[in-house]
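Okay, got some structures for you below.
The two complexes that follow have chain A in common; it is paired with chain B in the first and with chain C in the second.
And then the complex of A and B:
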């Protein structure tokens, strides 16, 4: 589709049209300075003048805490799917999964139940392992009682964060195992980025191939041209969205594209922060950083994990069984951080990364080495700058890679 | 539902429990519905759920050629295994898998095989040893060296007795500390390797045991002239997911759960963060 424009006052009307098919989220200001993605309402306008949201959009697809299933009875368990959860209804592929044995649409096909059913009564052989989810739909056996939620449409995602989402999509699809829940959420979403015309002091996407403009990883890329937005529509999903509100959009005129070109040229040199990503990556990859340096830097790490949690590409998690009743539990997936001492501690007490320096080294190797670039197609930093704002010890990607460049010859 | 199918366990009832040592038991898990029951490879592992406590990885301890059960041999160590050791036949655990790569049993064909196991390191090796015994004509000499702390700490005592009687393999055992019942070698397992003569290029060596043992065994293997790529071990790491997602088991750019756990010494040396 050729580039389009939409007057800024028409943006709410466009987003309102999308609410027919999507749960629409847009940046909204809360308090003085924080901007978060939230659902539209009439009280708070969509924020167009902001650096970035506090949390990366990964939280919308990969929540910090999520129930995988309920457990009734530890020793003679029956496992139940959560009745409602973050983004339920977006994960439609369970019955197609070759791994699943007990979640299929009709339990009656299974000669003996294996224990993860949503509808018990159809199973010809009762094993006592069935769920009691009587409210579940007989037609599929898959849905919880709540109707399927709509996929997400996110307006105003920054370029760096869209790059991060593409990275996570690749990660969760990789190594021969697809995380179907997270992938379904990501793939169903309508991604409408808002390119940056005013980078913040922590931003360094320009050093990380993470922005400020993108050529992929979005459905529609909006650029702020003052009184109107330029819309670069790249996918069928994006075209359908614009098509559903076609009266609000006009084909971009040549002066719109000229204005855009001038803005691109201006923004590319507007970044205050410069990060020596390439030099640092090379030294990390080749093991050219003295151990003493890692130990020196690690003294400033507070083990808080903040850098991991705010990172658009960090994805480590742990899995725990949380007690919810006398003999019932939720198995939960919870974000974890490689900088935590317990991250690699084994049951025996042996911990291959007991030393903080080893953990710091590990984090940077994982995010910024050729070895991972080979696997993931790019390094793991998109230059959003959240770790710059978060780390009290100056151990963010931008600062530390620049220090590696400066201090490790 | 929210649970991606990757993390949903099968339920498996404990059919039988065999006491191996004062702190180690073998669990025979009924797995009628698990379609990989006899289709995994020696060296692979499962994630075993003790519901209400959590999940942990354990090697598949029996050759896929042998058992109608899923067999895991587990020492009481952490939260999951302590709870599991209170379980009885009829209790139900969760299973996901099989995960990981496997021992290079194809590449080992036509070679002499040397196994060195320490303590609870024998179970993963046992899956391959019994596999080899069931394909005996494909391999040349089969030697198993097994060391335990004390005679009581030896796992699979009945099977060890069978192996001693068998002409299909040579089993040599040692214990760190003997007692009145023990008439065999006393000393660490590496002492059994010293002075061995082997046809190094025609031999593949497999070892598993505590980290300190591995270090000395590796050194002895190299001293015997074994090429590093013929020395095979299985790495252990804390892991949660088994499918390359949770990040806990990363070593260098490898996820031990999907790229491993089986590595040869040449590969281990090239890991940027060598264990």
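And then the complex of A and C:
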């Protein structure tokens, strides 16, 4: 589809059209300084002038805490999907129709599956309670939590975050295991990025192939041209969305494309923060950083785990049972952090990475080494800069790569 | 789905955060740009959202009957409380925890006033000690205004703090060090070197002498700041040293070394002093802290002090309660007490002498507990009223810098839970009085009640009035039965969170058990392998605890990091005798043996 433009005042109307088919989220301000993705309402306008959202969009698809299933009764367990008061309930959920966007073009090209059908027959999941529950045959397909009523349409996702979502999609789809639940959410979503016209002080996406503009990993890429937005529509899903509000869009004129080109040139040189990605990747991959350096840097780590939680590409989680009553539990998936001491502690009590320096080294190896680039198709940093803002110890990707460059000749 | 601005409920730094809520449930927290312009949380802040649904959460009022505590309607529970208060033989004592919002403390204070009772903080040490000393020397209850003052410092003195005690403070110290600032640690173990800091290792029994040694150094080297010379009481302080008072001979900090340190501090452009929990909970801490602030005032920096301890509203609740109150622990042990209301804390778990406190509680006619979680107060309670966690109500807290911050309601409280101010109002109404009208601002309410408003903006009035107590600490010496000294250590993930949370899963996983650190030579001599259990004995009892080797420790010092509620925690120590102003829980004479 050729580039289109939409006047800024018409943006709310466009998003309103999408609400028929999607749960539409857009950047909105909370307080003076913070921007988050939230649902549309009449009180707070969609924010176009911001560096990035506080939380990465991964939280919309891969929540920091999510109930996988519910276990009720110690003697006779019954299982509940979240939101369901009927025991097991799996059959009903599985027979419901796959989530539709309501937009025919995209629905026909990429039908969204809940994953229940396949998993119900292929991968029985144990609750671990069978021995005490002989009367109950524990049902299956539990990894699929209840699908959302509507897929998400996210307007205003920054380029770095869209790159991060593509990374996560690869992670959850690849290497012999597919997480149907998360993949269904990601693949059903309409991703509408908002290219950056001014980098923030912590941004370094330009060093990480994470922005400020993209050539893939979006359905529609919007660029701010002052009184209007330029829309670069790349997928059938995006075309359907624009088509549903066709009266609001006009084909882009040559001056629109000229303005966009000028902006690209201006933004590319506006980044103040640079990062020594290539040198850092080489030294980390080849083990050229002295152990003493890792130990010295680790002294500054405060074990908060914040770098992992704000990272658009970090995907580590743990699974815990949360007691909800005398004999009932929720089995939950909860974000975890590789810098936490307990992350690699084994059941025996042995911890291969008990020392903070080992955890820090592992994190950077996992994020930046050739070995992981080979597996994931790119390194694990998109340059969003959130870790720069949140790390109290100066151990974010950008700063530590600079320390490697400065201190490890 | 929504994001609600709020404030971390876990310590007195009061970091700004956003709560991620979906369908009435908290999913996570994210850092928000706070007053200092930074957006960062420590491990506690990142994991603060699951307390509301903890299995120990109280959701319904309960009244004790013949078969124990039974659920009742809130109306019946309130009537039971009112009847008991009306028929009490003595004025009630209200023990108020440090995690209540200012509004809730004020409502409880009003209820106490209505009933002729009094309000005492449950905090034993830490923030109350620091506030008392700051008030004595500076005339205000707060020290430095923000964490960035530490990051921008060129010299930091740290008294009795573990490096991972408060991550926000530790990160600013590290920042200052990376920028070329010097760090000096005064502690019972020699932690200098690893992070580039220097160390002054103080024998555990001589901690209280350190401020006097520093004062003496200031006078010996004639280093007193001009503003100190003009302050009230300066001449009296000078006379003390002119009269030849001597802190005695010391190998751990001789006069020359003390003078060199004082000179360095005086010459620094932006010096800062940090008082950690080991300092502010040490024996005689109140007197020692006054002396230490006097020394810092003589060096021109009494207002550049951070007392890096406290829970969510330790500082604000003391503002509202007012100065001059004794800790609830001591008030509970006074003769004639008949009725006790414990609001937002667990006195038994907090007590260094839980067994004797339990004896006292058992004999009271009425114990009312208003709390968020089931606690060790449960067996003594006649009435239990469930209250809200920080995410379930609106309210304000005052952080260690004197900034008043907000909690916003992000989710609905479960069952009959409601803020303490609502319970106070319901009880007060049965006596014909409204304890929390609701429409007033906090400051108006405080003024109406004659409370001190948050004092951060008050003018400093430097004064050197010495406390009327002994000057030098008594050296207890070592004996054969207990030849070592045990002090407390801390870890951020195992840090006191009061009654806000009963531990989030990830925090629990980070610190699985209590640990005791000792010098490697000591462990070798006793035949104890690091990582194995050992028997720790103090005069009040004993416990088995896993041992770690710590090369920084002198041979006579043990550092215990107890898990809240564990048996090692019960070995923390004991109070000085009744009537003393100082509340100390360490160092404790100790002995270590193979398990």
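Definition applied: the second predicted complex is superposed on the first by the 341 of 409 C-alpha atoms of A that agree within 3 Å, B and C clash if a C-alpha of one lies under 4 Å from a C-alpha of the other, contacts with A are read in each partner's own complex, and residues count from 1 in each chain.
The rule is short, and it goes like this: a residue touches a chain if its C-beta (ideal position, glycine included) is under 8 Å from a C-beta of that chain, and two chains touch if they have at least 3 such contacts.
These numbers come from a predicted model, not from an experiment.
Novice: Which partner does A:365 reach: the first (chain B), the second (chain C), both, or neither?
Specialist: A:365: touches chain B, not chain C.
Novice: So, does A:38 touch the first partner chain B, the second partner chain C, both, or neither?
Specialist: A:38: touches chain C, not chain B.
Novice: Touching A:288, do we find chain B (first), chain C (second), both, or neither?
Specialist: A:288 contacts neither chain B nor chain C.
Novice: Mind working out whether A:336 is in touch with chain B, chain C, both or neither, as first, second, both or neither?
Specialist: both
Novice: For A:216 in the superposed arrangement: first (chain B), second (chain C), both or neither?
Specialist: After superposing on A, A:216 lies clear of both chain B and chain C.
Novice: Once the shared chain is lined up, is A:19 touching chain B (first), chain C (second), both, or neither of them?
Specialist: After superposition on chain A, A:19 lies in contact with neither partner.
Novice: Which partner does A:320 contact after superposing on A: first (chain B), second (chain C), both, neither?
Specialist: Both partners.
Novice: Which of the two partners, first being chain B and second being chain C, lies in contact with A:347: first, second, both, or neither?
Specialist: In the superposition, A:347 touches chain B alone.
Novice: Comparing chain C with chain B, which touches more residues belonging to chain A?
Specialist: The partner making contact with more of chain A's residues is B.
Novice: Is A:65 in contact with chain B, with chain C, with both, or with neither (first, second, both, neither)?
Specialist: In the superposed model, A:65 contacts chain C only, not chain B.
Novice: For chain A, give the residues common to its interface with chain B and its interface with chain C.
Specialist: Residues 66, 318, 320, 323, 336, 345 of chain A touch both chain B and chain C.
Novice: Can you list the chain C residues touching chain A in their complex?
Specialist: It comes out as residues 1-5, 18, 20, 22, 27-28, 30-33, 38-43, 45-46, 49-50, 53, 55, 164, 167-168, 170-172, 174-175, 178, 194-195, 492-493, 505-506, 509-510, 512.
Novice: Please name which positions on chain A make contact with chain B in the complex.
Specialist: 66-69, 71, 73-77, 79, 81-82, 85-88, 91, 93-94, 97, 99-103, 112, 114-116, 118, 129, 142, 144, 171-172, 174-182, 287, 315-321, 323, 327, 329, 331, 333, 336, 338, 343-348, 350, 352, 361-362, 365-366, 369, 371-372, 374-375
Novice: Would you mind writing out the residues of chain A in touch with chain C in their complex?
Specialist: Answer in residue numbers: 25, 30-31, 33-34, 36, 38-39, 54-55, 59-60, 63-66, 299-300, 302-306, 309-310, 318, 320, 322-325, 334-336, 340-342, 345, 389-394.
Novice: Quick one: in the complex, what on chain B touches chain A?
Specialist: For this pair, the touching residues of chain B are 1-11, 32-33, 35, 50-56, 77-81, 87, 91-92, 94, 211, 236-238, 240-241, 243-248, 250-253, 255, 258-259, 272-273, 275.
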